[in-house]
Structure formats: structure tokens, C-alpha cells
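Each of the two complexes below includes chain A, the first together with chain B, the second together with chain C.
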Partner chain A sequence: MNYTSFFKAEWLSLLRRKQDTLNALLFFVMVITLFPLGVDPSSEFLAPAAGGIIWCATALSVLMAVEGLFKEDFNDGSLEQWLASGLSVSVLVLLKVLAQWLMVMVPLLLALPVLAQMLFLPWSSLLTVMGSLLLGTPALFLIGAIGAALTVSLRRGAVLMLLLILPLYIPVIIFATGAIRAAQLQMSVSGQLAILAAMSIVALALAPVMTAISIKASVN
Partner chain B sequence: MNWTWFHKLGSPKWFYQWASKWAGKLVWIGLLLLLIGVVWGLAFAPADYQQGNSFRIIYIHVPVAMLAQSCYLAMGIAGFVALVWQMKLAPVFIKSVAVVGAVMAFIALLSGAIWGKPTWGTWWVWDARLTSVLVLFLLYMGVIAIQNALDDQVFADKAVAVVSLVGVINLPIIKYSVEWWNTLHQPATFRLTEKPSMPMEMWLPLLFSALGLYLFSAGIAMWRMQTEVLKRERKANWVKQEVMSDGI
Partner chain C sequence: MQKSVNLQVNQLYLERGDRDLCQDLTFSVTSGELVRVAGENGAGKSSLMKALLGWLPIESGQIEYKGEDVTVHRDVLLADQLYLGHTPGIKTVLTPLENLRLYCPEASLQALEQALEHVQLGPYADIPAAQLSAGQKRRVALARLWLTDKPLWLLDEPFTALDHAGVLALEAHIKTHLDSGGAVMLTTHQTLLTLSAKTVELAAA
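And then the complex of A and B:
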């Protein structure tokens, strides 16, 4: 096993479980549908709220996708193989998260223009929404991986993981929706996007290490 | 500098004996200072020219809010110590302080709401600082929840260390959110490093109650740590002797 073959194997196994990817996307669509139904279907409410709705739906679907990230590897002993392989566990975590990120985010971004239209999001701010998703979601995935690794040994870890991880998502959501609001007011968005990128970079530096520590403690 | 005292603190037995000497004293001195500060602040300090008497809740609200943040910072540092040097007492510390911090964050939210009603005209606003204290409270609850969910002690200790270390990233956001978002909440009133922006007779009681609450909470945390140490070391000989000597 080396890093390239590991990534290929991860990618292939994700590709062969297309239903999981589809489920994450359907969940995203479902959450977005709840807002017009539950709050207000008029464009006066939806247009300004669209950015926030999209980001809340994204955060929830990311958590759903990340929650089972290490579950199978834990059950079939792959995590022990990781530790025994002599490769850096942090890098393996990073590769696994990268594969998962591509698998969830590419379909989501492709579906986004349609959903954005349904929420009456102005076309001019669609690019900012996409940019904020591209820059912000790596942080969501990386932080979520820590929670997934911590709760992997629990049979009902999902709720606990939500409780642990969701508070950490709040700064990302605040700055992402801030950028989208600024775009709708025709203001400069580069500041907020830069902070989003900074958060992802910090997460990129620290989260794989934390995840590796948690994996080592869980396997034991 | 001599670091033996610090290394000694890593041993549960030594810590237990050291804490038995200090915890009680800290609690009582802290309680006394807190009482002086609060009574002085509530009854004798001059009323605020703008907010009148309603500002007096500051003598509860500000110390409690400071402590809610300090406890989390301390937990984060302890988490780092637990992961890097694997000191036995660091996870015990996190477990004990988490509850104290959660209570403080809760009181901070509650007293803030009570203060907000007369001054802002509303119990709650979605202001950055209020929200981040709410998040802080949720983070405390997360630490407590994962501690309770994991049965394996070694793994649970690692997990809380990771969670508190990661959560500390939230602290600077809390601290600087007022400057970042410039919102309804007034900027921090209490800084030791700067000349106070309020008159001395208002500031001194605040200093007393803040100091008192810090000492009081430190004492309470030490008591909780002692209990936890006894639980974890229940098979050790010195615990048996300690319990016997107490006359049981």
C-alpha cells in the first residue's frame, strides 16, 4: 500500500457505492425543500435567505456524509492496517477526506444552479455562493472527520457527533453567509472569502493530525 | 528555575495531598472576596449615569463570563498537555473543569438576558458575542457528553483532550467577535492591562468579585479533581490508607 494506491482504492469504493453519493445529494435537496414549505415560499423571503438556507443544508449533508467516514474501515479492520502500514495516518486521513469531498461536493455544485433558482437567488450572487462553498466546505469535512474518528467505536455515535461538531461549523457558516449577503448588496466579498480560505487552511494543517490521534485512540 | 513542583503535580497521590491542603482555603477565601465584591457592588457602588441601577448585574455577569472563557482556555491547555506529555492529571482536570465552565457559561447567558431586557429592551439578540457564548456552552456540553458516552477510560481521556483542544479555536472568535462585527454588545469592560474606563469605586468591587469567583472556582475544581482521582486510583494503596485514616 502506498498513498497513490490508497487514494485509488478509496475513490473506486466510493464510485461503486453511487447510492451513498445520491443519498447525500437527496438529503441536501430535502433540507432545502423544507424551508419554503416550513417558513415562507414567497421570493421576498427566499431571495435574501437563500444563501443561509443553502449553507445550512450543506453543513447538515456534509455531517451526514462524514459521519460514517471511518465506520466500515473500523468494522473490517482497515484502520488497524492503516496503523500497521507504516504510512502517515494523517496523510491517509487527508486522502480519504479528499475523495469524500470530491464525491459529495461535485454533484452538489452541479445541482446548485437549479436549486438556487428555486430559492430565487439572484444570478449575480450565484458565483459567490459557489466560491464560498468551494473555500469553506474543506474545513467542514476536515473538522467533521475528527468527530467521525472520535465516535467511530460507538454504535449510536451520530447524535453525539452532531453535538460535538456542529458548534465548530458556526464560524464557517457566519462568514460564508456574510459573503453571500455582501454579494447581494453589490459589496466586495474578497475579505470574507479570504477568511473562509484561512479557516480551511488552518483545518487542513491541524485536523488530520487530530483525526489521526483520535483514530489511534479508537483502534487501540 | 526549579520544575520539580510541576512534575510532582503529575502524580495523583501528591496532587491529592496538596489539594486537600489548598482546596478548602481557596473556596472560602474566594467566597469571602466574592461576597465583598457583590455586596459592595450591589449596595455601595455609585449608580451608572446612563443605565441607573440596572448596571449592577455587571458584578455577577462579567466575572461569570470571564470564567466561562478562562475555563475553556484552561481546558484547551490541559488538552494539549494531555496529548503531548500524557500527564495523568490533565484529563482529570478537563473533566472537572468542564462542568464548572458549563455552569458559568449558563449563568453568563442567563444574567446577560436579564441585563439585556432593561438596557436593550430584549432578552436575546443574535449578536456575535451572545451567540459565541451560547456556542461555548454547547461546546462544554459536547465535552461532557463524549466523556459520558465512552466507557473506555483511556480512550475517553484522549477524546476529551482532542475535543477541548479543537474547541479552543473558538475562543479567539469569542474574544474578538466584538471588534470584528461591531455589534450591539458593548466592548469588554474589564481589562487588567489597561486603565479602567469606569471610576475606581465601580471598578474595585468588580475586581474583588472576579478574583473571588476565580479562587472559588479553582477550589471547586480541585475538589472535583480529588473525587475523580480517588475514583481512578481506588485500587492504589495510598487511597486505602487515606480512606482508613479518615476513620471509615
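And then the complex of A and C:
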């Protein structure tokens, strides 16, 4: 096993399990359509709320996608093979999260312009929404990976994982929606986006290591 | 290239919860040797393998590989071993060929196909592993043994689910490995058909 063959195999497995990715995307679309249908279809309500709605839907679909991130690897013994391979488990985790991120976020970003129209999000803020998603979601995935690894050996780990992870998602959501609100008020967004990027970078530095430690603890 | 293996386990104590798995266990695995870890279900055979790989803490005692304490430097041991556990890491959404490509990226397509022939999986090379039988899945993992040049094989129950011919083929391959200076540490509840092994007994305390 090496890093390239690992990434290829991960990517291939994700392509074979398209249904899971599709479910996360479908979930995203559903949550977003529920707001105009269920709360208020007027642009006076939707336009200011659009950023929050998009980000909550994103956070929920990311949670769905990462919740079982290592479940199959745990069950089929792949985690043992990662540890026995002599490769850095942190890098393997990073590659796995990268594959998952691409698989979920690319279709989500492609679907976003249409959904944004439904929420009356002005075109001028769409770019900020996209930017906040690109900069903020890596943190969501990486933090989620820690939770997934911590709970992988538990039979009913899903709820525990939500309780562990959701509080850590809050700062990301706050700064992301803050950036979008600022964009709608024609204010500068670079500060909030920089903080989002910083959070993703910190997650990038810490989360793979912590995930690797949890994986090692779960294999015994 | 002559392979060389020298694994020394000295007065090892292993614990799981409150249970002692082994006390004062001393044995060695050197080039050309087949070591069979014996013991009833739950005696701690798999745990011993995991302790060697560093996934279980050892209570006391030393494990040395090539003269180095593995609790300090495990890289040499990790670089020299090939471990197949109870669940050998076969991805069911991938085909046998893709699984082998994941674990043996240096091997050519021809070598991969040959390895699959050795374990009688030639016709199944491109079928998702989910659609294989238990024994066939085990064979996918075992095919790695025909592609590797690692000197130390750690095989946890490699014969489970294998048919008679499969056991014979694997034993023959283990024999060639031993003759080329490799070493094998395995656990099995079956009697070995053609091989003779040094036995390490894990008696339940």
C-alpha cells in the first residue's frame, strides 16, 4: 500500500457507493426547499436568511457524510491494515477526508446557484457563499473525522458523535453566516473569510493527528 | 536476496481487562521458522499478534526485532512484516484485482493476475468482492502473499474458510517462503497438513 494507491482505492470506493453521496446531496436540497415551503416563501424573509439556511443544510449534510466515515474500514479490517502498513495514518486520514470532501462538495457547489435562486440570494453574495463554503467546509469534514474515529468501535455511536461534533461546528457556522450577512450589507467580508480559513488550517494541522490517535485506540 | 528475520519475545505479560492472557511468555521467530501460536478460543492469540504490532500495551517483558526494542523503534518490524488478521481488509465494493492493486501498487498487472491464478481466483478478478464467497474473500487477501517480499508473515487464522486444496496450496507457498529465509507466525485451530511448526502454547490462566 502507498499513498497513491490508497487514494485511488478510496476514490473508486466512493464512486462505487454513489448512492451515499447522492443521499447527502438530496438531503441538502430537501432541507433548503423546506424553508420556502414551510416557513415563508417571500423574498423579504428568504433573502436575509439564505446564508443561514444554506450553511445549516451544509453542516447537516456534511455530518451525514462523515458520520460513518471509518465504519466500513473498521468492520472489514482496513484500519488494521493502515496501521500495519507503516504509512502515516494521519496522511491516510487526510487523503480519505480529501476524497470525501471532493465527492460531497463538488456536486453541492454545482447545485448551489440554482438553490440560491430559490432563496432569493442576490447574485452579488453568491460568490461570498461559495467562498465561505470552500474555506469553511474543510474544517467541518476534518472535525467530523475525529468524531467518526472516536465512535467507530461503538455500536450506537451516531448520536454520541453528533453531541461531540455539533458544538465544534458552531463557530464555523457563525463566521460563515456572518460573512454572508456582511456581503449582503455591502460590507467587507475578508475578515470573516480569513477566520474561516484559519479555522480550516488549524483543523488541517490538528484533526488528522487526533483522528489517527483515535483510530489506533479503536483497533485493539 | 536472502531474507532475515529475528524476533525475540522475552517474558511477555499481556492483559486484557482483568484477565491475564499470557504470563512469562518467551519465544523467538527466526529465518526459516514456522511458529504456530496455539490456544483455545479467547486464549489471546490474536491479542499477541496485536501486541507485536503495537496496538495493545504490554504489561511487562520485551519484544525485540533484529536486536532493537520494538516499543522504542517499531519501524523496522513494521517494514518487514505482512499482517493478515481475522478480517483482512478486503473492500467489498472493489474487485479482487482492485483490492490487490491497493495493497501491492508496485506489482505489474501481469503479476497481479498471476497471484490471483495462484489462489484460483482468475475468473473472478473483475467481480466485486461482495459477490464472492467467504473462502474466496479470504483468498483475495492471501493472494498478497504471492506478491510480497516481506520476510515476516503474521497470519491470524489464514486457513479459515479455505477448502482442502486451498490449504495445501497455502502450505506449499509458506514452505517456499520459509526455504527462502522468511519466517511465518500463524494461528490456526486446524492441524497443519504438510508443515511442521514450532508451537507456542497460550494456556488460559
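Just so it is clear, the second predicted complex is superposed on the first by the 220 of 220 C-alpha atoms of A that agree within 3 Å, B and C clash if a C-alpha of one lies under 4 Å from a C-alpha of the other, contacts with A are read in each partner's own complex, and residues count from 1 in each chain.
The definition used in the following text is that a contact is a pair of C-beta atoms (placed from the backbone, for glycine too) under 8 Å apart; a residue touches a chain by one contact, two chains touch by 3 or more.
Everything numeric in this text was worked out from a predicted model, so none of it was measured.
Shared-chain residue A:Ile213: touches chain B; no touch with chain C.
Touch criterion met: A:Ala84 reaches chain C, while chain B stays clear of it. With both structures placed on the common chain, the touch criterion links A:Arg155 to neither chain B nor chain C. In the superposition on chain A, contact is made by A:Asp76 with chain C only, not with chain B. Legend: residue contacts after superposition of the two complexes on their common chain; A:Asn2 is shown touching chain C, with no touch to chain B. In the superposition on chain A, A:Ser13 makes contact with chain C only, not with chain B. When the two structures are aligned on the shared chain, A:Leu168 is found in touch with chain B, with no touch to chain C. Shared contact residues of chain A, touching chain B in one structure and chain C in the other: 220. For chain B in complex with chain A, the residues that touch the partner chain are 83, 128, 131, 135, 138-139, 141-142, 145-146, 149-150, 152, 154-155, 158-159, 162-163, 165-167, 169-170, 173. In the complex of the two chains, the chain A residues touching chain B come out as 143, 146, 150-151, 153-154, 157, 160, 163-164, 166-168, 170-171, 174, 202, 206-207, 210, 213-214, 217-218, 220. By the touch criterion given at the top, residues 50, 53-56, 75, 78-79, 81-83, 85-94, 98-99, 101-103, 105, 128 of chain C touch chain A in their complex.
Considering their complex, residues 1-2, 4-6, 8-9, 12-13, 16-17, 72, 75-78, 80-81, 83-86, 216, 219-220 of chain A touch chain C.
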